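Here the chain labels run A, B, C, D, E and F in written order, and each chain numbers its own residues starting at 1.
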């Protein structure tokens, strides 16, 4: 029985090898990934029992995607098969002053065309502890939004902790609804919110002079929210970044130091690794939020050195980085 | 100025390397191909000035697709940019008793969502000699069907020879029309029809006891049709086939001997290579239809030894096979 | 809860790419496989809940091996971590008149150094239906032999069906015991025996003029044995084989026709795929042993077209081959 | 009809993969490139109609080279086929303190053995706007030098702008002539000269205390020259460079800031990308030489992040870098 | 001290991967090979001390070539460094009815421009037993022809056995001499001649109704010749050949049975492997010419299953094939 | 006759491609390497005649290993064949803050199970000048320790210079002996010792406040020791290191400046390259120890830019770095 359940779209990721441009690539590397599934994958490597809920086409491609999640140790028994197609994203990895480039082809995916009744949330969530969602899902379609709302409500019913990555790109909402139509109700059922000051303003119309003020005001509007978390990235080049994070826990603002990453091997999924690390810490560190936040940043930094969306690591590896061991010496 | 114009969808082809199953592949080979474009590609290698008309998304992926056609020497200046997405097909190459497997993801492509007015057929066709289309295009959408019909009518206006590959898969027609609603008008403007007895019955309701009788009856219904052509494949295994072809030219039935192909490297595009060879022969062999038919079969056989949809060859190479040089000796 | 449990060594498989010789290879393909695990992998693709029991070193290599089995959908929660090292085998794939070559490096593996007490067979088997073992395991060490014997006894206690692949290579038995010291007791607890006339004579000293007579005599010695099964391979070259199988079910001899495989992509694991197919049939075909035997041969033939030890397939694919569809046509 | 015409040798580029040394490489990456063709390639991606003039052997290798230029959208219809061989260069890519290494094998190439009469410059240039050459061509042979001189004279006749990259390596001139025998006449017909103070002294014997003085004196000697341009590279390591450029336009010295590149993916072709960017700017920026110079440096910097000699990019990408967007953020 | 000395050009071999056409290949596989060096390589794997004499450019490419021969265990200490360039050949591997294609680029190589005085044949040959040459060397240049003649004369002086592969392609002789000007003197010093009836007629003007008669007449003209050997290839397709050989030893005609090879992995170097096998047999089999001839054919057949010019094998592997073990069973 | 002889285990090195984690790799790069053999390999590229002594299994894997050393020009004629298995190490290459990871699987290797009598040290060393060993060898087994001691004694008998890399990892000594049981006698016969202050204390119990004091005290205990050498690495990240070295020659402490390496391609073997450079300098630089030390550091730095354990370079390349040419400009 999985303890941590994530829900969201999984896309076929087709990335050019090395630093090839799309026009140059005669091969593409293929994996399967999505923000929420990336969280479950990272947590599974750390020994948590995780399951991901999504919908795949009933085709060899859908089966390959499901098999790929199994590779990471994620329980795939709740995946639903049906619908027209696998969502796809194309990735060209940049270097130095050339940024990476992502082209999405996700419209009309199997998840976007889901009927919310296809998911039996009671069965999936009744024995679990944590439910994770992200802001991209309600942008896909009314069906996906409804399915997510059902999930959050069911999670509340069974007393799970709910985390939501209130990520927001305006141009993704194409089916007639606006973020402000949907996200408030989802956030109302959420305990741990990942969002920055700008998101809080754009989505909820909640103002604040700084992250703390915005967080305080968010909590006033949504009393279930107990923690608000944000990451800060300094981008010196596509190959060289600094990372840190902030957490408002209702009483104090916690911060981490910057971690330097140079060179970056693959920064996609870095935010998801942060969330996975944070969740691991919140579950395992007996209320030491500062340590949980640092574990999240360490996990995210480590992810930047690994190709693919998924963080493949042990707890010990992340913990060593959290404790400042970033000199990269050989382990024998 | 291109002399031979093809029109139709071009798909991103994502094929597993070697004989990998979809579940095994961590890389996919990527090219861009489509039945009608394959015809233009093969003809371009033989020195014909060809152009392909299609519609690609205005994205790095669309530009990569266009660039790929340029690689084969096909004029891409008439390609239209716009619409939601690139059509895709996934290919798993079989061997021995395991057949290859194709999964299409082409719904809602940029070509399927075309507005027929976007194509200026007069400009494209006024100085050309030959126009080629296939039966998949009118199955995509009403817009694609209308665009094709405009193309055929314009081709007739300027006196081009028109060839049509009346290929037909019932499950592709999903927008409300049936083949019998659309294909008759397209066929009425076509000189060279590639079709077999079964197609002629299913699509047009035209009966016949054999290929000749069906062809004669097809000509009665569509007097513009001057030649009806068909290929016959004997499939011993996924790695071992025999190929031959038939041509009814209104007065006599021409046939070729079987060519044996063992092992097959890639049979996708084999039918398109046949059509390219046939068109080359009809243009270049001064009315020697038998030689044209043989050239088509030789081109198709050669294609089976080359990875990718496109036949990359010289006229001399195909001609040598047509003359029976299939022993595979080293050329120095 | 897994229904089918296999037990045995899993090796890192390092194979030269293409047809390279060991001296040429600068890369090796790496997967993880073993005869018994191959059976569980194939069955998992067909929807059976399977688990594999083995022992891996507690190292990144051991974790990678475990993750690889997860990829195939096999439950890895019963794997034990400890001991000195991962067993390895090196494979050079032959072609035409050059046979493939395998070099084993499995001495002193984590499984060979197992303490039988490390496995809690009651917990693993109490809710299961089928237990599968092979003759290589008791050859590894006394500990492995004892662990296997415990497994078979526990399986009998809970009423599982037990299948055993009485495979035998004399030079593998190096720890002081002979096959005749150990295999009789293991066979005594086994329902379905895979063995040929020569094995039966060499291991048990049981004679017979043909496969039926040997099988009858084997059943006399071991009354629990209800079926004896054998496969026959005709090796025309490393690239071209014929396969068929025999089954004695206590009352009649069942046989299949030959299936031809040309070219062979990878024949390693072909025997395991046969066993998986047979088990699937014995479980699912309501006592139609002939169909089960044919399904096994079809599964084995299909495996020969796939790189790696594991058969990745659907039931429908195998069933189509069983019904004679071996022409290798493209599936769209 | 191409508007921008380049002329010069195209070589097969055989580069070791990754950072392999020549002794390690069992595969070599193959593309086809040359300084002048690189200029045409970059400009073609930006929408200019470009054509390259060269001579290739009439062989599969020559055809592959021609096809490769087509890939970049360069018109290859003026390429001449004949002569003994394709020029080749071998490239080993360095990293950190190990510099890259180039080995040329270009003697006796098809271009070096050209008869100047083989090129019909009137037909090629009569409708064009710009002609580009480089100092390597007259070093190849008397035939190549004469062909180039004919090209420049014809360009002048039809009023084209002529740019010349007065690149100079003494050890390349092996057929009896010295740079000072040939380059003055070529430079006399050139509008935009790419050269540094040292080149101007060595080749023309024209002195100057700094780049401006040398440029002024060059203009005195060759009144057709309207602009003199130079790039400056600071090489911190093989992986880390800074780039800037200078332009004397007859009245003032324009300069750009340094752009930092770290890590460098492939610096070969960086100078050609600069020239392409400069030409694009001189054609498109309505006399804003400063912006043209900056566009050149931005194009060159971007080239360093792309494998291969050719800059594959859009105008918008280069323009963003010119405006200082070098933080490498992901584009979605 | 090497016992077997070969002399001849070594070329960089650049082959397209898999069955790619030249136009498709973005990587080329690189090895270094030549007919005579291939003989030394095969013999070195069988335990003979062999050395190859040739001339390479004094460049990283020349050093890589030399290093490659070392890989096969061939002594490279007699290689001379100097001259302009490495000879190159490009190989496209065919399949089924498409033959492989070789493009040579060997003119003006370092060996072709050798000064015969650069080789100290006395030092190289004084302690050796066997000297091997081929008919391509005297076609390269007068210098190469003279160097070879010096080698043969020195070999005779020290009593070595001399073998010569009188291979002949008319279009290779470009420096003014004809085969008939040079080959007779070389053949006069040779003991074992590899040639067919057609070669004997074309080169020496020596007639014969069959291989035996031609061989007898060749021996009359060149009394040093003790054996004449020929191979016969039946080419069913590029992937399927039959091989056998003939040997006239002055008193009787020996023949072997055909060996079937299907599929062929790489047939280049097959003739050289035959010669290596024959030399091994003539040295090691105590005058059993029949066995030596069979060993040669077995070696050649085995070579066809290995990528690259060089036969990498053990004596035991070849001997097993000679004895008819061609079923390709797995060796464990 | 080899002049420099090294002795020690050679392992199959299986490294993940690029920066893949073990769990991700479906291919592993394979080479063969060991600390002492790496020294011989580097020296062979610089023109020294070197031979390596070790023991390999008599299998295709053992032959491939031997062939690999030949590739580097190392004489393999003294390698002994026998014993159970090839030692293996697995390498995962890190980047940025993620260190590389090595997993050894070397127990019970062919070298560890050597009988010291198998090596004929008199024959191997009698005409040589230098003998090199490392501290890992006596940790393998008593047999290996005895074989090494025999080698050192024989080297002393014939007046060779002996260098020893007193490398020490406590967890490698598993056969019952401690470093302090064995290393003193080995060190007593050694001229050039590579060790740091910590090693000297841990192994010999010899104290010192700094490297000089420890070295002086070491020399007092072992009068044969004439030089003590140490390297210092500053690890900023897995991709960015600084390197320098110290040498106590009995009278003065020599030091080098730091060399910066960014990015690191492969740091494994960096220490061996240093020793090779030092030995080259001690042999070739007429007693200029400072220059020898600098040559060692330059060689080590260059190694970090090359994939694989072995330094492939020319003397000129290393010398240029020693003289400060680290700007990485292209060499043409």
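We take it that a contact is a pair of C-beta atoms (placed from the backbone, for glycine too) under 8 Å apart; a residue touches a chain by one contact, two chains touch by 3 or more.
Going by UniProt, the chains are A, B, C, D, E, F = Sugar kinase.
Since the structure is predicted, the reported quantities are computational estimates derived from the model, not experimental observations.
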Chain D and chain C - chains in contact with each: A, B, E, F
Number of hops, chain B to chain E, where each hop joins two touching chains: 1
Maximum centroid distance from chain A, chain identifier (CA atoms): E
Chain whose Cα centroid lies at the greatest distance from that of chain C: D
Over-half contact-pair match to B-E, picked out of the listed pairs B-C, D-E or B-D: B-C
Where chain A and chain B are represented by their mean Cα positions, the distance between them in whole Å: 44
Distance between the centres, which are taken as Cα means, of chain E and chain A, whole angstrom: 62
Overlap residues in chain C, where contacts from two or more other chains coincide: 21, 23, 26, 67, 101, 263
Pairwise touch network: line, ring, star, complete, or other: other
All chain pairs that touch each other: A-B, A-C, A-D, A-F, B-C, B-D, B-E, C-E, C-F, D-E, D-F, E-F
Footprint of chain F on chain C - complex, ascending: 14, 17, 21-23, 25-31, 59-61, 63-64, 67, 84-86, 88, 90, 92, 101, 103, 105, 107-108
Contact footprint of chain F on chain D as seen in their complex: 18-21, 23-24, 94-102, 104, 169, 235-240, 263, 267-268
In the complex with chain D, residue positions of chain B that touch it: 67-68, 70-73
In the complex, chain A residues that touch chain F: 259-265, 301-302, 304-308, 312, 317, 321, 326-332
